[in-house]
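Chain IDs A, B, C and D follow the sequence of writing; residue 1 opens each chain.
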């Protein structure tokens, strides 16, 4: 399906403020970008670079006072995400080199603390895909999904204590649990068609059966409509914006996702 | 200045044909992409990846019969390219690691054959930028620039024999001469505002004084208006398309570059 | 000076256990490896790869029962580490792309929590090197360095609470404080000549004045003798070994560093 | 089997001369480095870096007059290289991204000129491994292997004209022919046990059936004993040394490979 995404960010900074943004989707095996726009109002000089995860990042210094960023894209994505019940666990020694980094603990996914808990949640399931599916189901039933409930990322340990969180929080806990079973897992940030309430979204992927599969603890079923803008170990790697210096007086974020076909 | 580029490629393949394309400009220190479009008619599944030079590449299998690719972008670029008379030669031991590859000979730039000739052309000039400027001036005066004169790339040795060539050929000879002086040089492919006749364009960059500088042996002065889509050692690295299998019955390429502001 | 390092790790695993190791130093701007040895007893098939930070990593499956790894290297390193009082802070917009990752919070360096505290510690110092030097001095005076006091890494927040830690802990807090001032900082793991008691060591580097500088909150002065084996955002990236599966019955680690000239 | 390699290079330079060397083997799926040595006489400051192909490279400035480099390594390699008759051709659209670069023409492998000839040599063979085996057999029968016959690399077109060459030349022609069939192929430089006369060696690999396979047009059978030190598109990428400036008055190279077990 073709989706048209749009994100409008507005800031009111007291002083000129450096920003690093991750707002430009790029193509991959699962999505194709047919049209895309990135407006800066007022226009300031901006640089783009590719980070070590392959994400397109933009670097600029936002001027003081009002500053608006509008990005929009037409992206072709799959109707349903692939599922693969029974897909096997991949032995550490058989994992591709560049997947190994997703086994390690990271800022918001203290996987070194979740081995025992993960083993309990996944007990009785075939090693691999089915374990991850059990983790996602457990998250859906046990951790309350409360959109808008947190401003700044909290780590998997805290999510587990609060038993509630935003999409990013559930994903962080899911990732920590997967890694606790030696299953590589990573965070994806982007858009989801028909998300309610509409906003930027976060989900996770696990590496089983020789490839990455999509899991979303906030959504039932396996409907597609995901547009990725960034991949990383957790939200510390994939912030749609990082700002340096005093916080903005005001920030607003408006997101829409529309189906085109 | 803001430029709107457009490139329309049409093919008529006898059989389904794999293509690797390099048609999506991306941002860097010198250019910012504000809008961008990539249409496939008919639409086929396509994948995007980043090559080892950082270029965005698209991979797809074109269907038999008519196939059209239309790409378009609004890009902000500089009015004048930077020049730096006197900028010094950088010692081999001080070059950044990732620049070293641009010292070596490559498919169309047999720099190992041009040491003597480069030394003669650049004789009497300060080591560094001025040597490259002398090479570019020599190319302008001695190698006839004949747009449309060659279909397939020829190497620097052949360009030097023919004393004539397209923009890519002059660039290849320029690169081979720079490398012959141990100055890193690379090919850039993209668009140039007000190029006559309008077409895709190629120019080169040399690394002196601690950064890359733009040189164009086909143009006088230092007007800007360059939109880069790919960087590499020579045209073997930066083809706007590589096709695998029997050649197309027909290929056409229409390029426009329009100033927006 | 030439140093001879030696590290002997012995394990007693109940079952065959996958390991990812980081025990082979490699050359860089600051060190040259003249001789090097990596023995596996008993010998098992092992693979080597380079991670995204450029570290050499070794992957193997350790057999059940006794398994010993002996690594040794002769490395030429500097007598004194470079210092640069007054070296300026580098603006976010001027940092090299590959340095940006070291500005972000990571598993053991929750820099997003340390902005205020870092500003207080560094108050009154010139932006840049002097701020980092102030942080290192503060760590030396305020956080007790207790070799052998912790087994598993604790994060900067916890180090700050305990006011004590091993070399890795002090480094984590130093890194979190630097990043809190928008100064890129990274962890280095390796050997230090004349460290007492002798063991593997960890220190940190900060990026100011256009390059990385070494800081060590556990050592006075600026004596050299550092042999690096891994660089990363924190100890989650640079473990000398990661094991997957049940813990070893017994692990021992013997380290020596000897001066050769 | 365990092999001990040794290479001694001696130079007599008129002036201090920058060198980029590729003389340190590193581990991979097929080889493990158990001991290794790299001596510079006299000792000069040297830096090491990893190039875009993953090879370890050393950069230094050799002093005027006598300069000697001695490298030695103990490497565990396979007794026989893997063969896979019938392993299928991999469609362009299914090749891993990082393999695609090995489809393109390069300095010494003008594969764009060899499509027709490759098709004739491989006619009647199953697409994939068997085509490459046919090319290797053709090289063995038709191109005379004359160790020591050329000093500087010549390109595949010239090798084909001369019908004779050193190991590197036969490999270049083999690579050009493979790529002419849209089969990725790359050059490997290193050591071969029991090579006669003993010297550095070059062979090639082709990507079929989902992985790289070793081919050597200078050797019958599929005996192992290969120690790789560098991989690349051709000899322009993988020179054991590149020097910049006037040629040495004298260069000598002594190589030994000894079996340890």
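Assume a contact is a pair of C-beta atoms (placed from the backbone, for glycine too) under 8 Å apart; a residue touches a chain by one contact, two chains touch by 3 or more.
Note that the structure is a prediction, hence the values are computed from the model and not measured.
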Separation of chain C from chain B in steps, with touching chains one step apart: 2
Given chain B and chain D, the chains that contact each of them: none
Same-residue or different-residue interface between chain C and chain D, half as cut-off: same
Taking each chain's C-alpha mean as its centre, the one farthest from chain D: A
Euclidean distance of C-alpha centroids - chain A vs chain C, Å: 29
Chain centre separation in whole Å, for chain D relative to chain A (CA means): 42
Cα-centroid distance, chain A relative to chain B, in whole angstrom: 36
Chain A residues counted as touching two or more neighbouring chains: 47, 49-50
Chain contact topology (line, ring, star, complete or other): ring
Set of all touching chain pairs, with the criterion as stated earlier: A-B, A-C, B-D, C-D
Chain A to chain C touching residues, read off their complex: 18, 20, 47, 49-52, 57, 59-61, 91-93, 97-98, 100-101, 103-107, 110, 112, 152, 182, 236-237, 239, 242, 244-245
Complex contact set, residues of chain C against chain D: 26-29, 32-40, 43, 45-50, 54, 56, 58, 76
